[in-house]
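My questions all concern the structure below.
So that you can tell them apart, the chains are marked A, B and C in the order they are listed, and the count of residues begins at 1 in each.
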Amino acid sequence: MKDADDQSATEPVATPDDPHAPRVLSEYAKAAKAALAGVSPEPGVAKPDPILVADGIRRAFGGIVAVDVDHFEVQRGSITALIGPNGAGKTTFFNLMTGFDKPNTGRWSFDGASMDGVATHRMASRGMVRTFQLTKSLTKLPVIENMKLGATGQIGEKWWNGLFPGRWKKQEAEIEARADELLTRFKLDHMRDEYAGALSGGQRKLLEMARALMTDPTLVMLDEPMAGVNPALKQSLNQHVRGLRDLGMTVLFVEHDMDMVHDISDWVIVMAEGQVIAEGTPDDISSNPAVIDAYLGAHQGKTLLEDQV
Amino acid sequence: MTQPTVGTIEDFAGRSRGVQLLVGLLVALVALVGFSSPASADGESIQVQVKDQQRDASGKTDNQPVPGVSVTVLDASGAVIGTAVTDDKGVALVSVPGKADYTVRIDESTLPDGLALSAENPAEQQVTEAGFVTSKKIVNFFTGASQSESTSTTERIAQRFADGIRLGLIIAMCSVGLSLIFGTTGLTNFAHGEIVTFGAMAAYFLNDRGVHVLIATPLAVVAGGLLGYSLDRWGFSKFRARGVGLISQMVITLGMSIALKNFFLWRFGGRDKPFLDYTNQVGSKIGPITITPRDLIVTILATIVLVAVALTLQYTRLGKATRAVSDNVDLASSTGIDSAKVIRIIWIAGGALAALGGVFRGLDEQVSWDMGTALLFLMFAGITLGGLGSAFGALVGGFVVGILVETSTLVGVPTELKAAPALLILILILLVRPQGILGRAQRVG
Amino acid sequence: MDIGGVLENAILQFIGFNACYYAIAAIGLNVQFGYAGLLNFGQAGFMAAGAYGVGQTASIFGISLWWGVLIGIGYSVFLGLLMGVPTLRLRADYLAIVTIASAEIVRLIVRSVKFRDQFGGTDGLKDFADTFQQVGINLGLDSAGEYGFWFFQFSGRTLWNLIVGWSLVAIFGVVVWLLMKSPWGRVLKAIREDEDAVRSLGKNVFSYKMQALVLGGVIGSFAGMMLALGNANVQPDNFSRDLTFFVLTGLVLGGVAKVTGSIIGPMVFWGIYSLLDGFLRELVDKPVRIGDFRLLQSTDVGVVVFMVMGILLVLLMVYRPQGLFGNKKEMAFEGR
């Protein structure tokens, strides 16, 4: 049924929410798709301008190898989806790339700089930021405080400066203005002063994304942005993700929602049993027998598109 | 001024049946209500206790009272306030005009033949005004030959290992419940030490009323199980149901620890007391080790109990269910295990084991109101070493900590600081392998 | 029964020296436990660090008392690092275990015969506080004189202790209030709730936790210094586990993650303590007996009151975890 969406993503797609407005591809989208057009759809293929490059990443828990990725590249300025059946190692790979877990072997670089041994908290200042599968909005802080927390290089975050409001008030005002701007963009401005705990699941996803943007990232890594979001909000979330690319950022996201994958990604990387088994444009992937195998192995009798948690 | 009757227990008025209980906490406590506190006169006094620390040949402190020693108390200006002679409990009470600075002196010539003050203990001690926590200030004098008697190095090492094994077994026994409660509910129970004390208290209470230790012990174990049951039934299962968070629960256990400890101090008194049976045993030599029959039997019994616990965990349905719940509550529940029931059983069994450990500790050393508190930290070191939440880890870790603590004196750690190496172990293991010897690394994210 | 006397005592305890140094300790503990969610159950160890720091100056090292402030801070920073380095990367329980253990070891060390020459053994330290008392005398407070009005009567010495003590409370109260209003405090509160989220935003969570632990510990060490100076001696057994727990009870009573809570909580704690103690003592002129069974006598009162305070902590956590001033919505310590 959903095969209707399988018309190439290079053409404007009529979306269920918005049937009358054919999407016009942005300059950034066109550029990303053009850059990836010549890349051959095979696992571990090199990209013309990679922002994230990983080599020989391996992580085992006890005897179980969760991740064993030979080579992995993410094209700068693209939206890249990372998909795969449950237990394929996607989230673990995410954790490894963002420093939340350490690989047993392997190295990776971001924006040309090696990330070996770089502490987790330095990732954000280098321009790599992530969100989590289970939303980590800080429910006991007001929405605006959540946002302001995201800003990097805050003077007042040194305790000796914190003591003297004069030193940080000015910067704080700038940060607050930026936060308000983002809140407006993500249509959360009406919730500005509420505790984040008062937000709905979808709003929390938005808040987490907006907060991540406060770090001024170049690569945004989203772990299942659609999980637990009600269908009405999905479309708007999609637009926000596209919007990230159109602001010049690169997006890498893990997702089970194949609608979203088809809808917004420029490139898809498929993992199964810890390895990259396929890569390509969304169209390449949906016709790739290795991918169908991987999914059928795990979910007998279901189509690729029905795979949801 | 009445003559103190320290250590004697006054008549027991009958078990309280009023079960108007706060969170079930007091259920098991009422059994203890019969302890009378040490009698003492009103007004300020200084209680001098003379003890001989070197009873058994194993080098363990047994603190036997030394009677017939003359004691003098002087005030700050050097004037004599009062004199007294220690009674058969080794205690002399001198009343003083008020809380102030005093000097307490004992007459070394009145010490029984063969006893002398130990090297670290002067014949004169100072009491400061601030030292009066209550109206009675207790001053201890210890006699005993110096530690380094003519034992060979091998014998000393063997002896310390034997003592360490006994301590290790007791720690392991006490910590099984602590570790499993953590594994199944995530709760770090800071009142677990008080369950240990409770076991020893319950046994002492019966023993003091003429029940032989051999009968009092199983009864104390039952009481410990009941206390564990009560704590879960009317306490923590309710808290879990109410959604009280883990950290709040942890603070609750701190409160319980304070309440129970002070309750013990109130009813039992501040002095260490031995069980009435199996005291003053003469040690016999087994190879390089000198050990009293009592300690030998405690070692053997503790080993049997721990092997039984290990076998139960490994092979029985209940044991497997326990480990499953401890590993992953949700997963275990989804396979049809009634995790609430398993948690209840862990509280009961953990309480019973802790109580038994308390009785053994009481036999090994003496019964005191804060004995469990002192053990708690060793238990934590043990279960962290073994792997927080792992049952076998608690056994192994507790055992290792016991041996390390006792043998640390061989490398020059003063006896009074022998608990310090346990902290060192705790810190090192957290730095090197935080999941412990038998624990598994957690997945992040 | 002298109800008036009991009440007067309770009010005096409410603003008394005990409440004052407890409040300093609670302000420090609040930084760790209340704002950063760090389970420091060894505040007594930090207090001992401060107390021995000032105590050692004149009586052991023979240097000016005022160096003691630096020494005390030094000790507590060291203690904070010792506790924090192994545990702050791990889940919260480990810090609880290590702090409780470290504080106990600190107490064992300072009371040991082995280190008697450094810390004075079980006798503790004395003869170091004259310089401190002299400042009060120089300011015109006759140490033997009586000051005050109505039943608020203090000796010059007590008054001096109270003035310095409550000034410290005010200073640290303002410092913590300012810090918690700042972006630094925002990071701490966020860590309390979800440290992974904070880490993903580029904050060095370990460093912030360490800063909170050490800062709270240093403030705690000032409580110990105040205790040492006020009593003009240091007693090792003052710094038992129970001290930490009662400071914590005071904090929870007032409400965690609130500066007002951390100050008024300990005051209320000592008010309640004094009330209970006074009433029980009035009741127990003679030993209370049931038949031959002696239930309570005057020497038991202190112990029984502490027992009741323990039960109070349990009841508070169950029925009013936000304390007197806490905000239930922002109820502090349930995130990890």
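The working rule: contacts are C-beta pairs under 8 Å (C-beta built on N, C-alpha and C of every residue); 3 or more make two chains touch, one makes a residue touch a chain.
Bear in mind that the values here come from a model prediction, so they are computed numbers and not experimental data.
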| item | value |
| --- | --- |
| Most centrally placed chain - per-chain CA mean versus overall CA mean | C |
| Distance-maximising chain from subunit C - centres being C-alpha averages | A |
| Among all chain pairs, the one with the most C-beta contacts | B-C |
| CA centroid of subunit A to CA centroid of subunit B, Å | 55 |
| Inter-centroid spacing, subunit C versus subunit B (mean Cα positions, whole Å) | 27 |
| Rounded Å distance, subunit A centre to subunit C centre (Cα mean) | 47 |
| Sequence positions of subunit A contacting 2 or more other chains | 100, 132 |
| Multi-chain contact sites of subunit B, meaning residues that touch two or more partners | 444-445 |
| Junction residues of subunit C - those touching two or more other chains | 196 |
| Subunit B partner contacts - residues on subunit C that touch it in the complex | 37, 39, 41, 82, 85-87, 89-90, 92-94, 96-98, 100-102, 104-105, 108-109, 112-114, 123-124, 126, 196, 231, 233, 235, 237, 241-242, 245-246, 248-249, 252, 290-294, 297-300, 302-304, 306-318, 321, 333-334, 336 |
| Residues of subunit B defined as touching subunit C within the complex | 10-14, 22-23, 25, 34, 36-37, 39-40, 42, 120, 125-126, 128, 130-131, 133-136, 182, 188, 190, 239, 242, 244-252, 254-263, 265-266, 373, 377, 380-381, 384, 388, 414, 416-417, 419-420, 422-423, 426-428, 430-431, 434, 444-445 |
| Of subunit A, residues touching subunit C in the complex | 98, 100, 119-125, 129-132, 136-141, 145-146, 148-150, 152, 154-159, 161-165, 168, 172, 195, 197, 208, 211-212, 214-215 |
| Touching residues on subunit C, where the partner in the complex is subunit A | 175, 178-179, 181-187, 189-190, 193-194, 196-205, 211, 215, 329-332, 335 |
